[in-house]
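Below are the structure tokens for one structure; questions will follow.
A, B, C, D, E and F label the chains in the order they appear, each numbered from 1.
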Amino acid sequence: MERIAVLVASSPTSASAERAFQLIRDLSAQGHAVTLGLLEDGVLAAAGGLPEVPLAACAAVKVLAGDLALRGMAAGSLRPGCQPCEYGDLVDLLMEQSDRTLGVF
Amino acid sequence: MDRSICVLISQAPYGTVHAAEGVRHVNGALSQGFQAVAVLVDDGVWVARPGQQPGASGFTSLSDALTAALKASGPVPRVAVHRPSLEARGLTAADLIAGVELVDDAGLTQIITETQFLLRF
Amino acid sequence: MTDESKPKTLTLFLTATPFGAQSATTTLNLAEAALDKGYKVNLFLSADAVYGSAAGQKAAGLPQVGERLPALIAKGLRVDLCGSCLQLRGLRGDMRMEGPQPSSLKNLFTMVAESKAFVALGR
Amino acid sequence: MTDESKPKTLTLFLTATPFGAQSATTTLNLAEAALDKGYKVNLFLSADAVYGSAAGQKAAGLPQVGERLPALIAKGLRVDLCGSCLQLRGLRGDMRMEGPQPSSLKNLFTMVAESKAFVALGR
Amino acid sequence: MERIAVLVASSPTSASAERAFQLIRDLSAQGHAVTLGLLEDGVLAAAGGLPEVPLAACAAVKVLAGDLALRGMAAGSLRPGCQPCEYGDLVDLLMEQSDRTLGVF
Amino acid sequence: MDRSICVLISQAPYGTVHAAEGVRHVNGALSQGFQAVAVLVDDGVWVARPGQQPGASGFTSLSDALTAALKASGPVPRVAVHRPSLEARGLTAADLIAGVELVDDAGLTQIITETQFLLRF
């Protein structure tokens, strides 16, 4: 079983984000530990938007703080289970904390 | 008939440049004597979310740009937000900048057929 | 960052224009963060992303892209440009900034093979 | 085509790059069909579409875009380029083909006001 | 009541096409005569794809023949009610047969 | 482990260049000694529809390009089509070029976790 990072930059209403969320559910069901990184329009999934982030399938959900603020969302308004992060945290995720990176969706 | 245009903004701000281009063209149309209606639909409704903070990113705050347009001393646009799109994203009128109006599907088609031209982003 | 002597490599693959989407800016921000942490970072600009190598960009109201490349290259960023993508678009050498080099699929997949993480950005 | 003495005007507004999407090609095909029917046709290239005015494009495996513009201009097509979009991207005059001219929102909305149909293409 | 041309170039699975199809239904319900022009990836709606073309709400559906062939679909495989057309037909639609043009979605 | 890459093609051909770029990079990966799997998902399944006829448009037929890749004398790719995406578009295996395999959701994740890298278009 692997530690897998999945990056999503598309709006949660896009086919691309929906595909990524489905992949996360399937990877999680197979026993992988998936960390979701949300950036760009993808951060909308962490504070609203449909479909919602597949929280139950994620070991962690990291949300780029600058991209949240840019879109008028305070880090305090994140769904429970989502953590704000910086670019350096995403780099650590890809380079040190994951066996595999998928994306950007 | 006065010249008029509906600028339809259907994409989320910042992820692509289209929403910013929409706001820019609303202002451009106004400055050229058009009546202008900005319609925010689908992911475009996020443009009217207040408090967008570009920080040092280099982006221009589109909520600030829309607010400035609405408060201008010269001609101002109508800004209509599509209520079904808003509700589908878990948002309400309270989540939007001041000065916008909500429209349903019928209101959307009414704006589109009352203006002369449509500019879609 | 790692107990091996050689730094790990991050390869970023971008297909979007510099000002049409946020992904060009995201790419540079990820590259900068990775360089600052001591990783080796490759950036391969493909398809419409090769426009990011145009000289004389002047960002206003949107984030800088080409204007940031020289400082990142000075930090160690390698920037490759899809050669056939340049030809298609008419982006001759005298229209481009110094630094990024016309490259090939051979170079791209050599970079990929040496990477700890390979990420494709753009839409 | 019409019983009025002055031909009706079609204004096309494109925001997409020449080779990133089919919409640039669709735009030129619509323009050509309208010119062949005797209409006045304006093409306003905005945002990333201004790359369509780059000189020296060599389409291979994808439809020609810039290479088609001179013949369409000879048929009467007016091509305007968003001026601020050019500056942002560094597309100086010596990097562009002859014919398409830097323009303004004032010109765009003057064209729109005179048009029978105004169509925006690109994504 | 107006004659309205709506042009759709996006895949029928896109938010853009869905929005256009909803607009067509609403405009038709208000008594307007809507002609739909399908081009680029939009032609997929005329030979398959979800959601389907809102045929009942359209006075006519014109589908760009070259864009169908490019995608491996014969003009004969069109849904009943859809007609193949050329660029010139779309120009006639916008310039002579419509009071208003909406698009391209 | 042999070098391997999964090229995910998720957009319809021709409307954007991404599907064509996907096919080009499958061939590029093969020529550089990678095992390559092309996965067609969502609107990407249309890439495997046979008989794409560019005529004089200037486009390259992607069904022909995929078929040529599958029949090459050198290394050939695997081409997997996501069955749920196919069925959602009213298509079946009979609507696809020869030589492709169908995969379900589990098959898709298996390919992704069996290859070293993912290149998404």
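Heads up, the rule we're going with is that a residue touches a chain if its C-beta (ideal position, glycine included) is under 8 Å from a C-beta of that chain, and two chains touch if they have at least 3 such contacts.
Since this is a predicted model, take the numbers as computed values, not measurements.
**Student:** Using the touch definition from the top, how many steps at minimum link chain A to chain D?
**Tutor:** The least step count works out to 2.
**Student:** Mind checking chain C against chain D and telling me if their interface is mostly the same residue numbers on each side, over half, or mostly different?
**Tutor:** Copies use mostly the same positions to touch.
**Student:** More C-beta contacts across C-F or across A-B?
**Tutor:** Output for the comparison: A-B.
**Student:** State, to the nearest whole Å, the distance from the C-alpha centre of chain A to the C-alpha centre of chain E.
**Tutor:** Once rounded, the distance between the two centres reads 36 Å.
**Student:** Counting in whole Å, what is the centre-to-centre distance of chain B and chain C, each centre being its mean C-alpha position?
**Tutor:** A distance of 33 Å separates the two centres.
**Student:** I'd like the Å distance between the centres of chain E and chain F, where a centre is the mean of that chain's Cα atoms.
**Tutor:** 28
**Student:** Provide the C-alpha centroid distance between chain B and chain D, rounded to the nearest whole angstrom.
**Tutor:** A distance of 26 Å separates the two centres.
**Student:** Quick check on chain F: which residues sit in contact with 2+ other chains?
**Tutor:** 14-15, 17, 42-43, 57, 59, 118, 120
**Student:** Quick one: which residues in chain D touch 2 or more of the other chains?
**Tutor:** 19-20, 22, 47-48, 59, 62, 118, 120, 123
**Student:** Check each residue of chain E and list the ones that touch at least two other chains.
**Tutor:** Answer for chain E, listing residues that touch two or more other chains: 9-10, 13, 15-16, 40-41, 67, 101, 103-104.
**Student:** Touching chain C in the complex: which residues of chain B?
**Tutor:** 14-17, 20, 57-60
**Student:** Across the complex, what residues on chain B touch chain D?
**Tutor:** Within the complex, chain B touches chain D at residues 3, 5, 17-18, 21, 24-25, 28-29, 31-34, 117-121.
**Student:** Could you please specify the touching residues of chain D with respect to chain B in the complex?
**Tutor:** Residues of chain D touching chain B: 13, 15, 46-48, 105-106, 108-110, 112-113, 115, 118, 120, 123.
**Student:** Give the list of chain E residues in touch with chain D in this complex.
**Tutor:** 5, 7, 9-10, 16, 39-41, 67, 86-88, 90-92, 94-96, 98, 101, 103-104
**Student:** Which chain D residues qualify as touching chain C in the complex?
**Tutor:** Interface residues on the chain D side: 17-20, 47-48, 51, 54-60, 62, 66, 84, 87-92, 95.
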